[in-house]
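Letters A, B, C and D mark the chains as written, and numbering starts fresh at 1 in each.
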Amino acid sequence: MEKHVPKELSGLRGWLNRRLFDLHTPEGQRTNRFIMLAIVLSVFISMFGTVPDLAVRWQRAITAFEYLVSVLFALEYAARLYAAEHPRKYALSFYGLVDLMTFLPMFIFGDPGLAVRLLRVLRLLKLVRYLKALQLFIHSLRDVFDIMLVVAAAIFLVVLIGGNLAYFLEGEGMLDPPTFRNAFEGAWWALVTMTTVGYGDIVPHTPAGKVLAAALMMLGLTMFAMLTGTISVKIAHALSYHRACRKCERLISQEFVYCPFCGADQREEEDKED
Amino acid sequence: MEKHVPKELSGLRGWLNRRLFDLHTPEGQRTNRFIMLAIVLSVFISMFGTVPDLAVRWQRAITAFEYLVSVLFALEYAARLYAAEHPRKYALSFYGLVDLMTFLPMFIFGDPGLAVRLLRVLRLLKLVRYLKALQLFIHSLRDVFDIMLVVAAAIFLVVLIGGNLAYFLEGEGMLDPPTFRNAFEGAWWALVTMTTVGYGDIVPHTPAGKVLAAALMMLGLTMFAMLTGTISVKIAHALSYHRACRKCERLISQEFVYCPFCGADQREEEDKED
Amino acid sequence: MEKHVPKELSGLRGWLNRRLFDLHTPEGQRTNRFIMLAIVLSVFISMFGTVPDLAVRWQRAITAFEYLVSVLFALEYAARLYAAEHPRKYALSFYGLVDLMTFLPMFIFGDPGLAVRLLRVLRLLKLVRYLKALQLFIHSLRDVFDIMLVVAAAIFLVVLIGGNLAYFLEGEGMLDPPTFRNAFEGAWWALVTMTTVGYGDIVPHTPAGKVLAAALMMLGLTMFAMLTGTISVKIAHALSYHRACRKCERLISQEFVYCPFCGADQREEEDKED
Amino acid sequence: MEKHVPKELSGLRGWLNRRLFDLHTPEGQRTNRFIMLAIVLSVFISMFGTVPDLAVRWQRAITAFEYLVSVLFALEYAARLYAAEHPRKYALSFYGLVDLMTFLPMFIFGDPGLAVRLLRVLRLLKLVRYLKALQLFIHSLRDVFDIMLVVAAAIFLVVLIGGNLAYFLEGEGMLDPPTFRNAFEGAWWALVTMTTVGYGDIVPHTPAGKVLAAALMMLGLTMFAMLTGTISVKIAHALSYHRACRKCERLISQEFVYCPFCGADQREEEDKED
């Protein structure tokens, strides 16, 4: 979507395009680093606005900064819309919509309440644009998604069964006061136990409840070991198969001298006589 | 057990068999997705029945829905029994018994109490049928089971020794009030510490108890690192070596065109001219 | 130490030796399984003795069982001493000393207090004898020990620095009431945070303390990821290099047709013409 | 920096240089082990000084020991400065500055307060000098740093978004009393949840808050599984490919006798007749 500047965009449009969309040039990097700083700053300022003491004392500065940032993002949006190769495509893209949402609510509703404040946090989604490495990472993990879904489904099943069992063992009518006020609290406790988060807000009191907890801990640790193992294997694969064969262009290990698929020699011409 | 429909099953029986047992056809997927939805819904409704406020306000709706679902599952069971290739074999199979348990208690006992409510949750076991991927996963891990048993036995040993040591250090007669009221509480704390769950319901107060906790944490993390490591290695093996060579029948990577052991070509006849 | 019965031990001694030391025969397995059961049972009974209610109600039964088990272990010790190939070597071995400690204190001191009770738990160490797989496992990890020591030393360093820093930020004189009463509490909190146990008995209250906690969490997770990674790699190595070369007897991969060290062909004679 | 003693340093200077800088000689190891002991002891004594009871009772001994250690470290510094090959280079190096900081504040300010006490803990940084293995380890992980930065950035993003969402769901004006007093508390809770530390100081109370917690737990576990996986792969690579081929200079396994790329024999001349 954010391709290099093609030749036909020139003048102001080309200049803006390079500065806003092209992260491969020093100017583009400088502009975008400034925008990143503005995003993180504005989110922190917005969070300071939720601390009662600070919110009252700095109210004016916070509001002023908020308007300043909104204007800045509005200008950025206008500039991007003007400079984009396909303005309509940009406007309807994920980043285009996020860019629009970062200033529009401020201009329509002002700064009345919580919901608008939350929308401001969505500015952070603008940052995803710069986490190229993360996107590549996620992309390389795409074929692990079905295993992750299976693990998630298995956890969902175990949490529901474990939670109901917990409610059966230490719920209303079995223990007084009950450890779990309802089966949902049981499921919440089962999740907190399986993930080894262990807040300690709910803890089983009977021997049977503790045995159930032990089983959930072991199951959870095994399941997450499976997840870690699967991801490790996929990462190992992604990190070692990252050279395209000179002939068939399939991804092969950096270390192979001959392509295992088509047999083509991977050495440079001058290396062949080694 | 749930094979493709053989030719001899025709008419209504064949039609039902395809819809209920055959997950490879669109009709079969549709029917089974509807059953899955009914299972999850009925479990959630059953859990809502444990929340005092909701249980009173929605009592009628919940009971009505409960009967509806029970009738649905009874019909499903009857249809499966009628359409199965080997009805007796289905009735005695794991899934057959689970299917029967999902509606029978409701018709025999009505909705009196906790035990029947728990049986309702067992409906979730019907879902295991659809987690084919999970079954394959567990199957591929079968030879890790002995290592997992050894890890479990080692944890059992360390938890018992650690728990008794903890009781010796901060139990009745050593500390007032004692951190651990009996040796079982010590073992429970040792387990919660080793798995890094750390509820915080019991926390050591003396320097000696804290040193013991540190030892248990390090031991636990090392043990679970071993578990994760072993599972990772097995998954790596399962993911990369899962095709038998066409000639020597040794397990080789899915990606190899030629067997690295005997050199046999692994391609289908019609693919060879690629 | 526990070798197969040599020919010269015959009569009662040979019969006992097979039953007590030889885990490869069905009789030996039966005898040792009975001893294992007695060990686990006696430890659980001893733990029941620490629960005030049960201890009073079942006092007589517990004491009687305790004497019974002690006599049983004394008989086992005597039989092992008599049947061992090298009685003195057995008596001075780790297992010989553990076997002796499991009944001697009971006969000398009776059942007066906590310390003797703790010695009883040491009976569990007898079980280590049966965890052959665990011993092999630990053995294969011997060369990871130096990496584990480095990780342990690094954690020790970070815990001390983090703990003192924490005390500096939220200790006596900085916060009222102080989060940490002394620098040792700071170190304890740093350890509980780094291992992600998170009891919650001590939690930082100031922004600076929370930033320190975040740094400790990230450091801890990275360190334990390193530990898991190193152990995974070693396990992968141990699991894949488990066949001795037919000629040079070095450990090589199951999959190699030729030894990478001496070049010897690893195939059976009849397979060579494949 | 701490190279072997060159020939031209002789007499006292050479003798000191060997003892202080050369960890390959027995004398050097003995001197440095003594310094290590002094460092650890002095930090522990300094920590004892923060325990009110002990601080009062042992005040004189602690102060005396503190002066003793400061003098020892001053002498060590002077000796190192005198014996170093390039005294100015040592004085300006990381270790030189740390060595200076371990005694200077004591002589300038005496023992007045917390800040000086904290500086004393920096003595532990002197120990980093001896953790060669750790330095090698960190060095071999240098190319994982960008992945770790991406993971850290992703966690930062999720913590900010999750924390603001949490404040929106259970903050001031939404729940009474609010679970989170401001958005920063939300971010702190999100971090504690994602890392599975789970102190339990803040726990969500509404169904929506608990669903958010579940999402954060799963995201956190997946992210740290990625981190573990990446580190595992890098360690596997570092442990197996760390010798350059004698002929083609590509990295190959330590265990290979022949280079798998060019076939060159990797043995020393005198080993070839093995």
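Criterion: contacts are C-beta pairs under 8 Å (C-beta built on N, C-alpha and C of every residue); 3 or more make two chains touch, one makes a residue touch a chain.
The model shown is predicted, which means the values in this text are computed figures rather than measured ones.
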**OP:** Report which interface contains more C-beta contacts, comparing A-C against B-C.
**Re:** B-C
**OP:** Have a look at C-D, B-D or A-C and name the one that copies the A-D interface, over half of its contact pairs being the same.
**Re:** C-D
Subject >> Identity of the chain that, by mean CA position, is farthest from subunit A >> reply: C
**OP:** Could you please state the distance in Å, as a whole number, between where the Cα atoms of subunit B are centred and where those of subunit C are centred?
**Re:** 29
Original post:
Roughly how far is subunit A from subunit C, going centre to centre by Cα mean, in whole Å?
Top reply: 40
Original post:
Multi-chain contacts in subunit A: which residues touch at least two other chains?
Top reply: 184, 196-200, 228, 232-233, 236
**OP:** Using the contact definition from the top, classify how the chains connect: line, ring, star, complete or other.
**Re:** complete
Original post:
For subunit A, which residues count as touching subunit B in their complex?
Top reply: 146-147, 150, 153-154, 157, 160-161, 163-165, 167-168, 171-174, 181-184, 187, 193, 196-200, 203, 207, 210, 214, 217-218, 221-222, 225-226, 228-230, 232-233, 236, 260-261
**OP:** Provide the residue numbers of subunit B that touch subunit D in the complex, in ascending order.
**Re:** 196-200, 228, 232
**OP:** Could you please specify the touching residues of subunit D with respect to subunit C in the complex?
**Re:** 43, 46-47, 50-52, 114-115, 117-118, 121, 124-125, 127-128, 131, 133-134, 137, 141, 148, 152, 155, 184, 188, 191-192, 195-201, 224, 227-228, 231-236, 239-240, 255-258
